[in-house]
Each structure stands twice: as structure tokens, then as C-alpha cells.
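This is the structure I have questions about; it appears just below.
All chains are identified by letter, namely A, B, C and D, in their written order; residue positions are counted from 1 within each chain.
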Amino acid sequence: MTRRVQFHETDLAGLVHFSVFFRYMEEAEHALWRAAGLSIHPPETEVGWPRRSTGFEFYRALRFEDEFEVCIRVAAMDASTIRYRCLISRGEERIANGDLTITCVLKRPNEPMKAIPIPAAVAARFRPASGEEA
Amino acid sequence: MTRRVQFHETDLAGLVHFSVFFRYMEEAEHALWRAAGLSIHPPETEVGWPRRSTGFEFYRALRFEDEFEVCIRVAAMDASTIRYRCLISRGEERIANGDLTITCVLKRPNEPMKAIPIPAAVAARFRPASGEEA
Amino acid sequence: MTRRVQFHETDLAGLVHFSVFFRYMEEAEHALWRAAGLSIHPPETEVGWPRRSTGFEFYRALRFEDEFEVCIRVAAMDASTIRYRCLISRGEERIANGDLTITCVLKRPNEPMKAIPIPAAVAARFRPASGEEA
Amino acid sequence: MTRRVQFHETDLAGLVHFSVFFRYMEEAEHALWRAAGLSIHPPETEVGWPRRSTGFEFYRALRFEDEFEVCIRVAAMDASTIRYRCLISRGEERIANGDLTITCVLKRPNEPMKAIPIPAAVAARFRPASGEEA
């Protein structure tokens, strides 16, 4: 996914605010799902994907109107969990490395969310995809 | 409502990004509802309040860690619409004036949203409140 | 400018938050400048473009993963002010109409911002462009 | 720091968007600095505090109008680096744990940022504070 820094993503230090990197990573995640023919949140779904843990290491800053690339791949998958690795780069420069772990849950009104196995249609698209990048 | 500018609300020009003023106005709107004993979005509700039109005039800028006040009041109300006026100020200085018009709708799965009369319990709290400020 | 709704741009009503429309309009504004060979905020500049007034009328909602178009054009220009008109649409449907007025200022450390004439290089790119869209 | 979830911080899953937790952590960081008589970004400063790494573990979700607490403390400090630990809770419930590492740098126009020792005035306020919470 190629993306350009927008003005509203910068802060008064002149750089992209660090919380915005998590939005870039998630935008690439959803683009990866779309590339696999899926939506992570189709209308009326009872299946959700809450985030369990996430982090970023920052090596360089991004500035207004920079063009950069966000590369995300499935690093691991078990019964109900997907773990992504993400690289943000600008040309040859590594900007940041991120990771993100999500869990598949059932969401019903007036019930607590409950972890469930990843639907087969989803697992089938991502299991062989572990070496693939968006 | 008194509020302090947060770092993530600034942009690289060193000022609060203009889109954030609409979030300040809405935060004050919801605080006004809470002060009236209401929530604008209780769990499981079928009643929604989409925004119909909104605008701001900006007179001065806000900067990181400024403290400022957001004052919102109901300026007009008819069968299904509420119109607010909002003033953002820092001490004696006028920073910006905003307005916001919302419509009461019924939201049901697989049906288009439909305008409905403002529920009596809501209208009763805001009609006499038209001279009051949060 | 064609854009897709991102997950972080939605709110719990399932729609794009109204403050995000102002970000879409500004992204299109900056794309219009880039298409004219300009940046609205080049590094080390002393010239700024604070927003003076802005507003939106909303006709329909945008939802997660919708694709939509943002069309912005210069509607008026005088010595130090540019006024844009903006249309957001999804296919044949009109979603929202916005307007945005910005003023050209000189920004120097420890001095108040002062309105100045629009630089000739900028005015020349936008004056004939008043019928053009991004 | 006590804080209430704002509408614009939720997403269409009805929960606070995970990127917003990093903003809560940073708001508490800056409140900790103010409580120590400092600002992390005073006007005209040449000293900056870019974020080097950060992460969150999420245990429970936050919803619209929830009140919650953000507790941040200095977990470690060396010559040019500060590491915080952060706990977000709602009453007795643990919502999320975060960490954040920042580096002190000198920022000059047209020079790359360079790591420098933490200014003595800052180190003096935080070194004894390592057991203290905001």
C-alpha cells in the first residue's frame, strides 16, 4: 500500500504523530483482506476482530507530503488469533516496524464477546498467504 | 466545558487542526446532554442524531496546552431538528463560533434512516434550556 | 480525488464521523495544490494559510469501505483570500457539500500572524483554474 | 488522569479505536510533565522528544461515555531516554497496559535530529519520581 502523509496527520513537531502509524498499519491490514476478497467488517456481521496487542519501533520520522509504503503480512495464525508484521518504509529507508495481534470473537447483543475459531473461509485465504505482502 | 489542547490535536503549523474544533463542539454537545440526564447514544438505541449541517468561523488560533472554554446552547428546535450555537473562547478572547444542526431519526437494520419527532423526554429537557449554556 | 472510507474514520453509529469530512476536503485541497505544482506548506516557509471559515451540508452517510469522490475547486479569490467549494459524492449520489475559506498570512517567530497578498506564483496557478476540479 | 470516552474516539464496532489508547497514554504523559512544572514542548524550544517504541496489551474494551483512569509512571531513565509504563483501568477492571520509550534530541533547522543528554532540569524532576503516578 502506498500512501502520502496528510496535513492532519502531522503534529506541531512537524512529524506524523506516532498514533497515526497504527492507523496506517490497520489501513494496510484491511487492504490485505480486500485483496483476499474479504471484508474485516461486513454489514450485519456477528464476527469481530478485536486487537489484543500491538506495538511499533520507530527508526525515522515521516513528514508532510512524504510518500511511503506500508507492507503487512500474516506472521502467525492459530485457532482464533492472527499475528501480523508490518514494515513502513520510504524508498530504501526503513521508517518503522510494527506488529499487531487480533482475535476472532462472536459478538451478540447483551452477551460478552467470546473467542471463536477463525472462520474457515478466512483461514483458507490467509494460511497460505503467510509469505505474501500487501 | 473547559478543555486543554492536546499534542495530537495540533498540526505542523503549530496550531490546533481546524477539523478538531468540530470535535470540541461535539464533546460539549454530549456534555450538555449528560448535564440534562441524557445520553445522545444509549446502548441498543434505535434513535439516532445524524448531523445535517455545521460550520465554524475562526478568529484566533489555539496552541498546545492552551486552556479554553467551549460553550454550547440550543438555539432552535422544531419537530425533528435541534440547532446549536457554540462559542470557543480563551479567557476574554473569542477564538471561534460554530453552529451545528442535527436531526432525530429512526435506525433499523436494512431500512433507510427516517426522520421522526424528537422524543418528548428529550424535547422537555432542551426546550426550556434554550437560554442555558454548558 | 477518489478515496475509500477507513475503519478509524467511522464512529459507533457505523458512519463516517462528521469531523472527518473536513479532513477529506483538506486532503483534496492539498492534492489540488500538488496538481498545480505547489505545496501548501513547503519546508521552512514563512507563509501560512490559516482557515477562516468552513462548513458542510450533509445529505447522505458514508460507511466503512465505501468508495467516494471528493471534488474541490476555487470558487473565489481576492487579494489575500481563497474560497473553495467542495462536493463529496458516491457514484451518482451527492453525499455532502462543503466550503472553505483560507487567508494568506506571514508567520514570523514572536510576531502575530499578518494577512499578506497571495504570492503571485500561487495566484497565477489558481486564478485561471476557477473552473477546474481535482 | 480521569477521562471520559468521546464519541469521535469510537469506531463502528462500538468500541474505542485501538490507536486512540496511544493518545490517552500521551495525554497522561504530558499531564505528568505539567504536574512536574514542565512542558514537553515549550514554544521556540530546540529540544524534542521523539517516540522510539511503544506498545499496548488490551484486556477489555472501552465504550462511549465510559469513565476510566490513565496512570503513567517513569519506569526507567538513562542518559537520553525515558521509558514509561501505563495502566488504563475502569474502576477495578484492568483495560490495557502500555509502554512508551522516548529519546531526547536536539532539533535545528537543516540538521538531522541528534540524541542529547536529558536536560538536568527535566531529569531532576523525574528521577526521584520513578515510583510516582499521575
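Points worth noting:
The rule we apply is simple: contacts are C-beta pairs under 8 Å (C-beta built on N, C-alpha and C of every residue); 3 or more make two chains touch, one makes a residue touch a chain.
A quick note: this is a predicted structure, and the numbers were derived from the prediction, not measured.
Across A-D and B-D, it is A-D that has more C-beta pairs touching. Seen from the Cα centre of subunit D, the chain whose own Cα centre is farthest off is C.
Averaged C-alpha coordinates give centres for subunit C and subunit D that are 32 Å from one another.
Subunit A and subunit D have centres, each the mean of its CA atoms, that are 22 Å apart.
With each centre defined as the average position of its C-alpha atoms, the distance from subunit B to subunit D rounds to 28 Å. Under the contact definition stated at the top, the residues of subunit D that touch 2 or more other chains are 7-8, 12-13, 15, 19, 23, 26, 41, 63-64. Subunit A meets subunit B in the complex at residues 7-8, 10-15, 17, 19, 44, 63-64, 109-110.
Interface of subunit A with subunit C (complex): residues 6-8, 23, 26-27, 30, 34, 39-41, 43, 63-65. Across the interface of their complex, subunit C is touched by residues 12-13, 15, 18-20, 22-23, 26, 41, 48, 50-58, 61, 107, 113 of subunit B.
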